[in-house]
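The following block contains the structure, expressed as structure tokens.
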Amino acid sequence: MTGGSRRELRAAPKSRENLLGYLFASPWFIGFFALTLGPMVVSFLFAFIKWDGINLEDIKWVGTANYARAAADPDVRKALVNTAYYSFLSVPLGLAAALGLAMLLNQQLRGISFFRTIFYMPSVIGGVATIMMWIWVFNPEYGLLNDLLRGIAGIIAKVGVSAARTWEPPKWLLSQEWAIPSLIIMSVWGTGASMLIFLAALQNVPDSLYEAADLDGAGKVSKFIHITVPQISPALFFNLVMGIIGSFQVFTEAFLMTAGGPNKATLFYVLYLYNKAFQDFEIGYASALAWILFIIIMAFTLLIIRSSKMWVYYAGE
Amino acid sequence: MGSGHTISWEVAAWLIAALFAIAAEAARRLEAEGFSRASGWLAFGFFAAGSLIWMFGDTYAYYFGQKEDALRISYWGSYREHEMWKEIVAEFRKLNPGVRVKQEYITDNYDGKVQQLLMSGDAPDVILFQDEPFPQFVDSRKFQCLDDYCARKDDGVNLDRDYWKTAVESFRLNGKVYGIPIWGGECMVIYNRTTFREAGVPEPGEKWTIDEFLDACKRITADTDGDGRLDRYGFIIPGWVYWLPFTYAFGAEYLDPSRTKWTLWGPEAEAQFTFWRDLRYKHHVSPFSYELTMGGDTAFMTNRAAMFISGPWAMPSLNEAGVDFDVAHIPSGPGGHGTRVTWDSLVMPTDSRKKELAWRFIRFATSLPAETIVAKYQRSVPALKAAREAFISVNPKVRTRRFIDAFEYARIQPITVNWQMMNREVASETDLMLDDKQTPRETLRRLAENIHLKEVFEMPATGGEGVRP
Amino acid sequence: METRSGAYYRVRRNAWRLSLYALAFGLSFAFLFPVVWAFGASFKPLIEVYRFPPTFFTWPPRWQNYPEALSKLPFAAFIWNTFVITISSTVGQILSASLVGYAFARLNWKGREFWFLCLLATMMLPGQVLLIPHYLIFKNLGWVNTYKPLIVPSWLGGGAFFIFLFRQFFKGIPQELSDAAKIDGASELRIYAYIFLPLAKPIVITVGIMSFIGHWKQFMGPLIYLSDYETYPVALGLRMYQQVEGGSFIHYLMAASVVALFPLLILFFLSQRYITKGLLLTGSKG
């Protein structure tokens, strides 16, 4: 705040709140301007250059050529379709799974702390063990998943559905059609963080609301729809926004497990961007790709925020 | 800015913070009504001042303090290679007692890290570097041309005389040398002796043809437990880069000698793609990828596959796991004999401040005493011809001599600045072919018409669909 | 409420609980899978890790994996480094994210909504393209090869994710609570520190755990900014056992991972009890 005379201060309590707001948020502002906005501007400028990222003297200005190239690149289109497909399935499924687990963990069961630790474990462990295990689970011939599916098919065949006898389970990560669904299943399994957030939200729903509903004779489903969902809607909003932002940038699983294959079926957008930046050393083109993704994610997030006024309930307002 | 400092700085900061927390708590207790304003601001002030000093102390040291005086060397690899470098550095320091050497062991994403270090002018003085991204980096003029150093009278080197030919060629671009080769190796047939014994198939001799190779594959492939499913295979189909030995054997090439023209076209090219496809679909001697649990080497280690293609870098794991294996030559075919060789070298960045010392280290690490250490670890073939005996004699159980013999027919890969892109595109198309989604001929045509390859190579005229290549 | 139908309700409740238990056990199996596998693999000779069909355990166990895996690298130093980085970052992340979250949720200041969008936007640009500018900044600050690039950003807001999380929580706290404190003459800082932060205990612990785990396993940052092997955190050090060329030593990798991840599991097991109890909003509890 600059040059506020004593009189102004007294006259406008608003400016004091302004100052406080900026003061409280100041750690973020420092970080934002120094470590985020600056680099973002740089990367924005990078989108107009051709550069291998090694020698600063080799930077060449190419104007909008990188964007024109992206528009014509069939792999960009393929990567966008793959990424959208992944996002629109994995986000809702992940949310449902996380909420379901959180509700289970919110029950008054003995030994619940034990289960809580176990359900969060995949998020803690991660890494190589998880990847190796999933490759094993998804193995079409010997994997656990297909063993299970064959067992189920066998039972159905016994009941008399002849189609089940000749049915072959999918080849998961190794088939073009099932590679993305496989990765979606994986992502649902690793929803520990969303689960924790839902759990914290569930525990903050006042018991008095449920007690009042009990007195009215409301059933479990009705309580869930009319009390739980509105009460945890801020957490739902949070997980939805984070899910969209995160899933559009899906990278690690495809990078480590499929390398974009088979035949580019799991070529996700950020994987393609990574290949361009760090394998082909095309920093300029990769930056342009990043900004295209930025605009897309921004559009979706704004859409959710706009709509949130209709469905998110804050007790504080 | 040494490592010790970095840790003690943080610890000191935490001790101070803890002291302040205790002081603040004491002040709070003293004044019953709570945390007094003054003591709160005082604690905050100290905290802020402390963090500023902590943060910008290093900045000050960076601009006004003493510069790093050690020779910095960077490399990648497993813990075994780290141990090998420790030995080489120890030997170097025996000869150069006053020199401090700092080993920068980068455990992942090596090329990216080197790129970053070069870009920011902060690169180590000696960098271990592999041939695949080499042209791209030389293109950026960040690697020192070593011709003058090699030509020196006192500590120069005669690369063409002392090192394997392909090793020198890999790091000589446009007639200039940018890296001194240290080690490498070719793709060979690595075979599991147990499976050969169990199947009653004689082990490969010094020479064999593709037909003999195929015959061995067929005789080994079997359903040993009689459950109707094949459980022992002759050969594991690798990624396309490892197909290069057979590509050469069929007389095909990806690029012309100038590496500007795409030459994977014509009957030879089709024959070599057909060979790979047939291994799976006609001869049934190679498993489908879904019959393997965790990749090909797993099946090999557990005696479910008899042969695969790899280089000396496959040996440390096999030795560690105690697999009874040996090395065989690449079979020859209608186009003759060939294999793919790949090399690593030591390079010096143009902005190193210790070029003399760096050269002294590079010379040592590529001389006989150091290359003997390299040989001992059996991860790669030393690039120095004189170290061949050391490499052969380390493990008498494995015919490592064949790696040396194979230098006669080894060729370097068709590496260009666009190598990684080409790698991805070919991998994608050959995957489709192995999954029976397209014929070898279609694969050739789709590659010749590939939009990304077209941008950088001169492509053959395909003449549209269905035309024989 | 126990009337004539008490017995019926008890049976129904027990059946419900039983099915919940069955569900929890079934899911536990699915979730425990990788852990059991990794644990089993850490006691196998290398060849058994690759055994087909895959097994969980082999007999006799190879106990030496542990001493061997831990002695081939300076494990104690790695753990200590990880600890220093993790604690320093986690504390900063909790403090700064809650403070900034408070500003976004409870203070009225000009441009708040705009800056909030900016905050969210920072997460939407793929981080890969920011690596080079970041590196140049830290290099010119002389921070390369120190822990500062890993710690300081945590104190500057602590990341959009956690700020957002605190904001969501603080927004849900009834306005009357801070109004009452204001009437008593409390400053905003005091309200934040003495009312909101204690109320946010479940979130503080949630953020603390996530931040701790994230930093404990952090890989890219240390890889980019550290080059002294002795200063590596454990996640970077473990890569020594897993290389594409030159061999994967999965049995060592798993043994070292089990030891490295053990503190995380203990921490989570101990702290999750607080997430359970999580202080409910005073006033609304009854």
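First chain written, first letter: the chains are A, B and C, and each begins at residue 1.
Methods note: a residue touches a chain if its C-beta (ideal position, glycine included) is under 8 Å from a C-beta of that chain, and two chains touch if they have at least 3 such contacts.
Everything numeric in this text was worked out from a predicted model, so none of it was measured.
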**Asked** If each chain is a node and each touching pair an edge, is that a line, ring, star, complete or other?
**Response** complete
**Request:** Name whichever of A-C and A-B has more C-beta pairs touching across its two chains.
**Result:** A-C
**Item:** Interchain centroid distance [CA atoms averaged], subunit A/subunit B, Å
**Value:** 33
**Fill in**
Between the Cα centroids of subunit A and subunit C the separation in whole angstrom comes to 16
**Multi-chain contact sites of subunit C, meaning residues that touch two or more partners** = 52-54, 132, 155, 242
**Prompt:** subunit A: which residues touch two or more other chains?
**Reply:** 53, 132, 136, 142, 278
**Message:** Residues of subunit B that contact two or more other chains, please.
**Reply:** 109, 119, 293-294
**Fill in**
Seen from subunit B, its contact residues with subunit A in the complex are 109, 111-112, 115, 118-119, 136-137, 139-142, 289-291, 293-294, 418, 420-421, 424, 427-429, 431-432, 435, 437, 451-452
**Message:** Which residues of subunit B touch subunit C once you look at their complex with the stated criterion?
**Reply:** 1-3, 6-7, 9-11, 13-14, 51, 55-56, 58-63, 74, 76-82, 102-109, 113, 116-117, 119-120, 122, 124, 293-294, 297-299, 301-302, 304, 311, 313-314, 316-317, 320-323, 379
**Asked** For subunit C, which residues are in contact with subunit B within the complex?
**Response** 45-47, 50-54, 72-73, 80-81, 84-85, 87-88, 131-132, 135-136, 139, 141-148, 151-152, 155, 219, 223-224, 227-232, 236-237, 239-243, 245-249
**Request:** Could you pull out which subunit A residues touch subunit B in their complex?
**Result:** 52-58, 74-75, 132, 135-136, 139-142, 171, 174, 259-264, 275, 278-281
**Item:** Complex interface listing, subunit A residues touching subunit C
**Value:** 14, 17-25, 27-28, 30-32, 34-36, 38-40, 42-43, 46, 53, 101, 104, 107, 109, 112-113, 115-130, 132-133, 136-137, 142, 189, 193, 196-197, 199-200, 203-204, 206-208, 234-235, 237-238, 241-242, 245, 248-249, 270, 273-274, 277-278, 283, 286-287, 290-291, 293-294, 297-298, 301-302, 305, 314-317
